[in-house]
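By letter and in written order, the chains are A, B and C; residue numbering begins at 1 in each of them.
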Amino acid sequence: MSSILEVRKLSKYFGGLAAVNQVDLDVVDSEILGLIGPNGAGKTTLFNLISGFFPSTSGKVIFCGRDITNLKAHNTAQLGISRTFQASTLFMKLSALANVFTGCHLGYRTGIWKRVLRMPPALEEENMLKHKAMELLEFMGLASLRDEMAGNLTHGQQRVLGVCVALAANPKLLLLDEPVTGMNPSETLTMVGLIRQIRDDRDITIMLVEHDMKVVMNLCDRIVVLNYGQNIAEGPPAEIRKNKEVIEAYLGKEGAK
Amino acid sequence: MPVSIIIQLIVDGLAMGLVYVLLASGFNLIMTVPKVLFIAYGEFYMLGAYVLWGLMFLGDVPFFPALCAATLATAILGGIVYRLIFQRIQYMEQQFLTNIIAALALSMIIAQAALLAFGTEARGMPSIFPGIVNIGGITISVEKIVLVALTLAVLIGLNIFLQKTNSGRAMRAVSFNADVAALQGVSANMTCLATMAVGCGLAGFAGGLMAPVFALSPGMGAITIFVLFVVMLGGIGSMVGAILAGLILGMTLSFGQFFIGSGLSQILFFVVIFIILYFRPGGLLGKAEADIPI
Amino acid sequence: MEKPRRTYRFKRIDTHNRKSIGIIVLVVILLLVPAVVHSPYYIHLLIMVGINAALAMTFIFLLRVGLINLSIAAFWGIGAYASAMLTMRLNLPFWLALPAATIITGIVALIVGLLLCRNSGFGFIIPTLAFASVVVLVFGTFDVFGGYVGIVNIPHPEPIVIPLLPLIEFTSKTPYYYLMLFLVAVVVTAFSAFYSASTGRAWRAIGLSSSLAESLGINLFRYRLTAFIIASAVCGLMGSFYAHYYSALVPITFTPFPKTIYCHIFAILGGIAFPFAGPAVGAFILTLTPEFLRIVGEIEPILTGLLVIVLVLFAPGGILGLLSSRQQVAHPSESIDRIGKWIKASLPTSRTDRENRK
């Protein structure tokens, strides 16, 4: 089993403060990896570093054998890393279908002039991508909402749509930032099922940040725990559940019995 | 190059620069409290000059009362304009662009009204504080000294007002968050109106001060763009930045005018701004903007 | 790639036909105008409306990408001066100078854009204003451009030779009118093509949420730069036309205040949700109205200013926004929204302010 993503001694300093401090971790191909830790532990920052939204201070990120450490966000997307955001980030004024269709942007192969001049091969490709977008919406259970403006959807629907849009970019690695935050139990269940399906049916590796422990323990093959920007534990859910350092991190020294 | 000329240029630059600082402060207030990019600001500067001129020459009013009247007149007009126009825009979508358009329309109206009232020709005023003073071998006109003194006084007064008085604190509160300010009993609408009035009053004051020094013309409003750049250079909302940037402009224009001519020195100023703003979009003292995902 | 299981119906049809007929009718009317309107003065006005409409369209073009462009008039000027120089100093024929000036303007936009387009929001807007100010100063300061007096006697376009038809000479205003129509049609066609292609969608994505667009593989800098170059080149194109139509150029025509803001006004008061009809309507009403109001004499700018303020306050979606219920999809771009949110921080939610009045 190879590592699709290798993070080596990755650090990010904001001024004098280390948000991410010498983090080492591996993401195994086709696994669902959970990233947990108390608030402010650096989880979203780590996502930002991996996906190229922040430049790192030191360390390396290797994706599919390739050094992507200082690549910018659009480059990592082109290489196959997709992400969602902590706050629902969508094209609010566009319909759900338009959102996903825009996400298919990386799927274009015909030359740019052929597209602008509306030549047949470009139009065919566009049609094909539109169908792909529709299929993705169906897969995520949002087909009935295809013409609804994204801004009008419920919170839960928006978060599912966010994942759908990220999928449209054809990722090999999907970074989900708090996918079920703010959802009610039935929505959470649906999302968990979808995440599993994404990995099982489409063979996409998933790394997710989440605070809902039930979801994390249930869904993830392995878990990495961050505290104060450092990797303090790594392993399958059963081990992490019993790990003293992890419990201390969450509950403080007195809470750990 | 005789030292006296250099000192002369410095004094000139200081005087001009301080006026820009004054204008930038008023503009800053309007940008940070009611948050209007007020491109009609220069027209209030122009009005202040004309009111002073009118009162002194047609009404035989002495200088200081006329200056106060000019300041008051522009302040009141600013408040009215805010209440009638910009307060309404605040509650609309797209305020930023709408404000700019309304401000431009307003500047058209005021400039044309002034043109009709006063004619197109530039007018001069005889000096109010004639004479020169000799300090250690350097000759400085009394006028400039008065200018610098009055400007400094007003700037210090403005600072005290903003830091120490309730109204000033209200303005600063509203500039951060009107809801939080409301919890303290501050009415955002009234505060924005007052701020606009104060800002425009400052412009009128500056105009009145400059009237005896430079020729008056309805085209004086063109100063707006320089004020805008001084504010941007110093960082929106930063008083210290405005001081720095205003003095930089004053010095650039003063020295530039002497060595390379006014056209080229203006070009130089804008090019310098362009470069600085490219590296530090927040201005010299503002924060460099970072594009962070939500 | 497997074939899709079903074919989905993507709606369009009826509105498409109605729109096509509308466009054809409009084109016919525009072509027949000189047959009905004989006064060169009105033809002149329509030509100016056309130029203004095209410039306003570039404003919306960049607005969709989330950029507020304050250098519209400056690039208009660069195209005009470039074209004048090419024909007068290098003796190029107009028909070569027109594309050449457009390309030159594009190159200037490329150079400036390399710096500008790295930022968005204020970090873009203000440097465009600085650049625009420098351009006007350069035209006025250096004698090679004629200084503040400007350039006069710019040659007219050479006659067009079409076999079997009489020579089309540019001696009256009418040929200029048709040339303007042609150029505007080119601009509209080009913009439409971009808008409906993936490039236009990418631009819109950047404008609506630059972070999301970036995460989907869209290179923000490259797309912003491309849009900036295209928009500015179009301004240059209209500039070249203007130079040879008006035959004289003065730097003060190309100042950011008021000319560029006028272009903004045309677009916004027409309705920014309408990338072509909005600027056209806005330019039409706001170019013609001052002319007609000139009857009242010198208070015309005051009346026009009042009209603008009234329209801005009572027709926030623009004139077309009043007539149609179309949602403003075109405009709310993220960086402008951010500025709007910053502004809104100064506003009370109306309830709290009313409570304060007690």
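Rule of thumb we're sticking to: a contact is a pair of C-beta atoms (placed from the backbone, for glycine too) under 8 Å apart; a residue touches a chain by one contact, two chains touch by 3 or more.
Computed from a predicted model, the values in this text were never measured in an experiment.
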Pair of chains whose C-beta contact count is the highest in the structure: B-C
Comparing chain centres built from Cα atoms against the global Cα centre, which chain wins on proximity? C
Reference chain C; chain at largest CA-centroid distance: A
Chain A to chain C, mean C-alpha position gap in Å, rounds to 40
For chain B and chain C, what's the span in angstrom between their mean Cα positions? 31
Please tell me the distance, in whole Å, between the geometric centres of chain A and chain B computed from their C-alpha atoms. 50
Flagged in chain C as touching 2+ other chains are 211, 215, 328, 332
Hunt down the residues of chain B that sit against at least two other chains at once, touch-wise. 293-294
Residues of chain A that contact two or more other chains, please. 53, 85, 89
Along chain C, where are the residues that touch chain A in the complex? 1, 4, 7-8, 10, 193-194, 196-199, 201-202, 204-205, 208-209, 211-220, 327-329, 332
Could you pull out which chain B residues touch chain C in their complex? 33-35, 39, 85, 88-98, 100-102, 104-109, 111-113, 115-116, 174-179, 181-183, 185-189, 192, 224-225, 228-229, 232, 236, 261, 263-264, 266-267, 270-271, 273-274, 277-278, 281, 289, 291, 293-294
Of chain A, residues touching chain C in the complex: 51, 53, 72-74, 77-78, 82-83, 85, 89-94, 101-103, 105-106, 108, 112, 115-118, 122, 126, 128, 130-132, 134-135, 149, 165-166, 168-169
Where on chain C does chain B make contact in their complex? 68, 115-116, 118-123, 126-127, 129-131, 133-134, 137-138, 140-141, 210-211, 215, 256-258, 261, 264-265, 268-269, 272, 298-302, 304-306, 308-309, 312-313, 316, 328, 331-332, 336, 339-340, 342-350, 352-353, 355-357
